[in-house]
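Beneath this line is the structure, given in structure tokens, with notes to follow.
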Amino acid sequence: MIASLFHYYNYWMFIGLMMIGFYAMMAKRNLIKKIIGMNIFQSAIILFFISTSVKGKGASVPILRDAHETHEAATLNIMQYTNPLPHVLMLTAIVVMVATLGVALAVAILIHRRYGTLDENEISLRR
Amino acid sequence: MIQKSDDVIVRTVARSLMPFILIYGLYVVMHGHYSPGGGFQGGVILAAGFVLLTVTQGIERTRQHMSQKTACVISSVGLLIYAGIGALCLILGGRYLDYGRLSQLLQVDQPTARSLGILGVEIGVALGVMAVMCIIFFSIFAADETE
Amino acid sequence: MEVTLLIEATENAFRILEEARSHAAGIMDTTIELMAEEHRIIEEKKVRAIFTGARRRRARFQNFAGTACILFVFWVLLSGHFDLFHLTLGGLCAAFVAYFFHDLLFVNVRVGDIRTVVWRFIRYIPWLLGQILIANMHVAALVLRPKMPIRPRIITFKTKLETDISRVTLANSITLTPGTVTIDIREGEFYVHALSHLVAEELYGGEMEDRVAHIFMEGDHLYVQDVLDASRIYETLGV
Amino acid sequence: MKPLYLITTVIVGALLIYGTLDMPRWGDPHSPASTHVSPYYLQHSLVHTATPNVVTAVLADYRGFDTLGETTVIFTAGMACILLLRRRRKG
Amino acid sequence: MILTFDFILILFLFISAIASITIKDLLSAVIILGAYSFFMCLLWAQMAAVDVAFTEASVSAGIGTVLFIGAVSKTERRSKD
Amino acid sequence: MPAENAVLIIVIPLISAFLVPLIGRWKRHFSYFCTIGALATVSLISTSTLLKTIKEGNIGYHMGGWAPPFGIELAIDPLNAMMLVLVSVISLLVAVYSYRSVDQELSDRMVYFYTLYLLQVTGFAGILITGDLFNLYVFLEIASLSGYALIAVGENGAPLACFRYIIMGTIGASFYLLGVGYIYMVTGSLNMADVHQLLPALYDSKVIAAALAFILTGLGIKMALFPLHIWLPDAYTKAPSASSALIAPLMTKISLYVMIRVLFYVFDISILENLFPISRMMVWAGFAAICGGAIMAMAQTDFKRMLCYILVAEVGYIVGGLGLANAVAFKGAILHMVNDAMMTAGLFTVAGIIMYKIRHRDLSDFKGLFQTMPLTMCAFVACALSIIGIPPTCGFFSKWYLIQGGILAMQWPFVGALIASSLINVFLFFRIMEMGYSFRPSHKRPMAINTTETGINEAPMSMVIPTLGIAASVILMGLYNQVIVNRIIAFAVPMG
């Protein structure tokens, strides 16, 4: 159990962060708070993906050190570089995150223009 | 409406810092091959330069360099560069986004052609991201005024 | 009877004279006004010509070239790739940014000659570094003394500098010097936080302000540095 | 309503933790994620694309279509902001 | 892998995440969210994902926070929860 | 260049979406013609692709020339070729239809509306065509983001409804992404075909169970499966009529398609029995959705809102049909997916026309419409009969397959719910038709001002003709349903 805790703590950390964001998305009544929760939620998912790319001790940034590295040398050195694929995916996910953020904030401003408040309870009263 | 900052130090320093921010953004875009960075990061840094210009010099001054309309055009052009490079590869007889085909056009070997293709794509991405970030920023910050 | 007639005639004559004189004075006044107006218009035209015509174009080109050079040096410092391809890219980028944003680093409307300003600015830097060194020693001495005789205070003084850029240079120079921090500039009034009385004394002396004014060639004042420069010339002339 | 949300959160979290129990342990260099596809990129990116930064090579070339999509996402967000926040001209 | 550094970062992450969703002043919440993004970016840089960390630092901690501040200043600063 | 067709289907709307803001800056109305042109081309290309896949089999297009597990693959089989035709045709018809209502509702922002419209179609096409799990997420986000914007420009309550949709939709997409992450963790691949080969060895792993649960929940939110449907009625009711006519029929169907894709092409058909009682759960979810949707639909007085709840019920049919896990029900589910997209598109366009003419869409506003708007009501009747399931229309055949499948699988509650909801639909639509026939037009209505002597006051032809086209295709698809089932769907059914 202790061993598994040691091996998996990183996954569980991301799950904890994600649940904080998830709870804020559902339970908070202020719309900006919901968007903050959304941001936390999505970046925790990105943290999970990044943690799949880690390769133990000694693995470093996936930028080939020797710009003239031969094919064979690269094959030998695979363990020295972390896994680049999740990084690529998460670059995409970060951009998607900020795009969603922009649209959500625009809609929140639109709501504030119509109802004069951002609180869900007050909006349902003023409808 | 964003007025210009009333602190003369901030205003002047931000103004003279702006070209350096832009050149740093372009550096990040162009050196994505060798160091961390690339179109998105560079584009966002470029956009951050305009954000700095707006919050220090006021929105009127910024409009001389980047207005909502210009940003709209630039974003379309940036994305057209990306999609157009892909389509160019298609026209040259390869698969979509197969930059290796550009080697016939540029008279270089395949890996270099791919590297140049990546550079072109990154420039397109940077233009698009910069313009769109400016659009979002302007629309949110100028939300209560008429155009 | 004649006497009264004579008196009347004299009075009339005087009145006519008076009227003629006032008339003449009026004409003179309007002439002077008109001349002043003309003079002012010519002056204005001259000033506008400075800002719009060939000089402005020249200033713009100087700005563009200066910005491009500085940006290119910055690029080379960042890049670390010295092959032709990357240098060309850097040159293109620098030219691109400089073309669109040449009025940001330097102001387009300017009276003095930019080369002199740059040269004087470069000469200013060693003096500032020396000043910083001295102030460092000073503050270190203050702090290391067991009694720690620091007496923080905010001092204000009115500056005679006029342009934004010179004010900012002065403010940053003050901040760079240990022991003093510029908090705010409001309508020509500097608010500086100083560590002790002695540091403040130096500020009131105003040498730094004079030197900054000298860099940016701000007229109307006689500056210490100008006198020093001139004295050297007179020395060489042997006057 | 709040307890309901809390219960949902706990259930989702528990399901996620249940899923992690069979995963390769953290930082394992021999996990499938690090051995199936990604070594190919590390080996070949320099030969194929002359780009030492593997992330850039994968981003713009091997998975270039993803990046096109992602740029389109950003473009969509920009158009959406204009569409939503633009106000009619007065007069 | 510097384990202590990792733990401290994760601790900060949790603190800032909880703080940003509980604080009632929205502007502070947004700034704390920026700090959260920044800690996240440090954590990723520590996991050797430099590109992603760079992107997060510029996109999420930079522009994202600016957009949030814009939205808060255009709407309202107080929140009831 | 036949293989290039696959990528052109995505690239043409994409490039024209980038061109539309530039052209629209020059002449505003050209954006509309540009949209029409792009969508017409896409319809032609996708039709030819469908014919080609039927004749020659599946197409795999390797993006950038990289072989599948390393690059991104576009995979076309008869099922998604058919969906592509459906999407492109419906979006073309709705685009033609949309001009008048967009001009009325948001004339000054028309350019951006059509840009987002094209991006929406791009997103749909990308979701359908891609063979990569992560690429699917990217296109899902394109479709969702443009959908949010198209919905939020609607009438008064639209931004609030849209905000709920954004929150729910983001949770859904993030759950999908998490599921993909879990799959990637244990397989190391993102290509669907590759994962399909790697997965069977891992079926007893807890990771895969959690991944499947998260993917299905995420897609459930996107397709508005019953307990997760709460965002749908508000959002689609308040949306502008042009965007609701595009998004409402297609978004749910596309999510359903992704679910089919994930369940049967990424996972295996055996997952339905082996992993946990997932098929049982799907049938019950479908049952709950049918009951909930039908009952809520009865309580509505707003026509568009009623349609939204019917949509929820229809999603229930398809999910339940997939859960029945036999060939007949599967055919029925896929056929119903296609049919339902057509008939809901028809009904939403009719709702848009009524909205355009009368500015109201309460059920009471249908009074006397058969006299004033005969063509529109003709289309309405065709689509309504199809929703109810009356023989010559296509809705009957898919329901017939579904009921057969239910009987084969001995799922009596599901069959009962199907029949009951058909009866409820009879009640709902015959009430409207009765109103349309028997009552005189009410006088308080603003449109009754300029009726001609015959009393006909039809909407503009650019709106009516696409609606009639959809109605005609509803009937045609009913008549030729054997062809569709035997030639196309039979290839897609995994259990033969």
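General remarks:
Which chain is which? They are A, B, C, D, E and F, in the order written, and residues in each are numbered from 1.
The criterion applied here is as follows: a contact is a pair of C-beta atoms (placed from the backbone, for glycine too) under 8 Å apart; a residue touches a chain by one contact, two chains touch by 3 or more.
Predicted model, so just to flag it, every value in this text is computed and none were measured.
Contact with chain C and chain E alike is made by B.
Note on connectivity: the fewest steps through touching chains from chain B to chain E is 1.
Using mean Cα coordinates as chain centres, the one most removed from chain A is C. The greatest centre-to-centre distance from chain D, using averaged C-alpha positions, is reached by C.
The greater number of contacting C-beta pairs, out of the two interfaces B-F and A-B, is seen for B-F. Chain A and chain D, compared by their mean Cα positions, are separated by 8 Å.
Between chain B and chain C the centroid-to-centroid distance comes to 36 Å (mean Cα coordinates, whole Å). Between the Cα centres of chain D and chain F there is a gap of 26 Å.
Chain B has residues 34-36, 38, 40, 72, 75, 79, 83, 86, 96-97, 99, 129, 133, 136, 139-140, 143 in contact with two or more other chains.
Of all residues in chain A, those that touch two or more other chains are 16, 22-23, 51-54, 57, 59, 61-63, 67, 85-87, 89, 91-92, 94-96, 98-100, 102-103, 105-110.
Residue positions of chain E touching 2 or more other chains, listed in rising order: 1, 50-51, 55, 59, 63, 67, 70-71, 74.
Those residues of chain D lying in contact with chain F across their complex are 15-16, 18-24, 31-38, 40-41, 61-66, 68-70, 72-73, 75-77, 79-80, 82-84, 86, 88-89. The touching residues of chain B, counted against chain C in their complex, run 7-9, 11-13, 15-16, 18-20, 22-24, 26-27, 30-31, 34, 53, 65. The touching residues of chain E, counted against chain A in their complex, run 1, 10, 13-14, 17-18, 20-21, 26, 29-30, 33, 36-37, 40, 43-44, 47-52, 55-56, 59-60, 63-64, 67-68, 70-72, 74-76, 79-81.
Interface of chain A with chain B (complex): residues 61, 63, 67, 91, 94-95, 102, 105-106, 109, 113.
Residues of chain A that touch chain E in their complex: 13, 16-17, 20-21, 23-24, 28-30, 32-33, 35-37, 39-40, 43, 46-47, 50-51, 53-54, 57, 59-63, 82, 86-87, 90-91, 94-95, 97-98, 101-102, 105, 108-109, 112, 117-119, 121.
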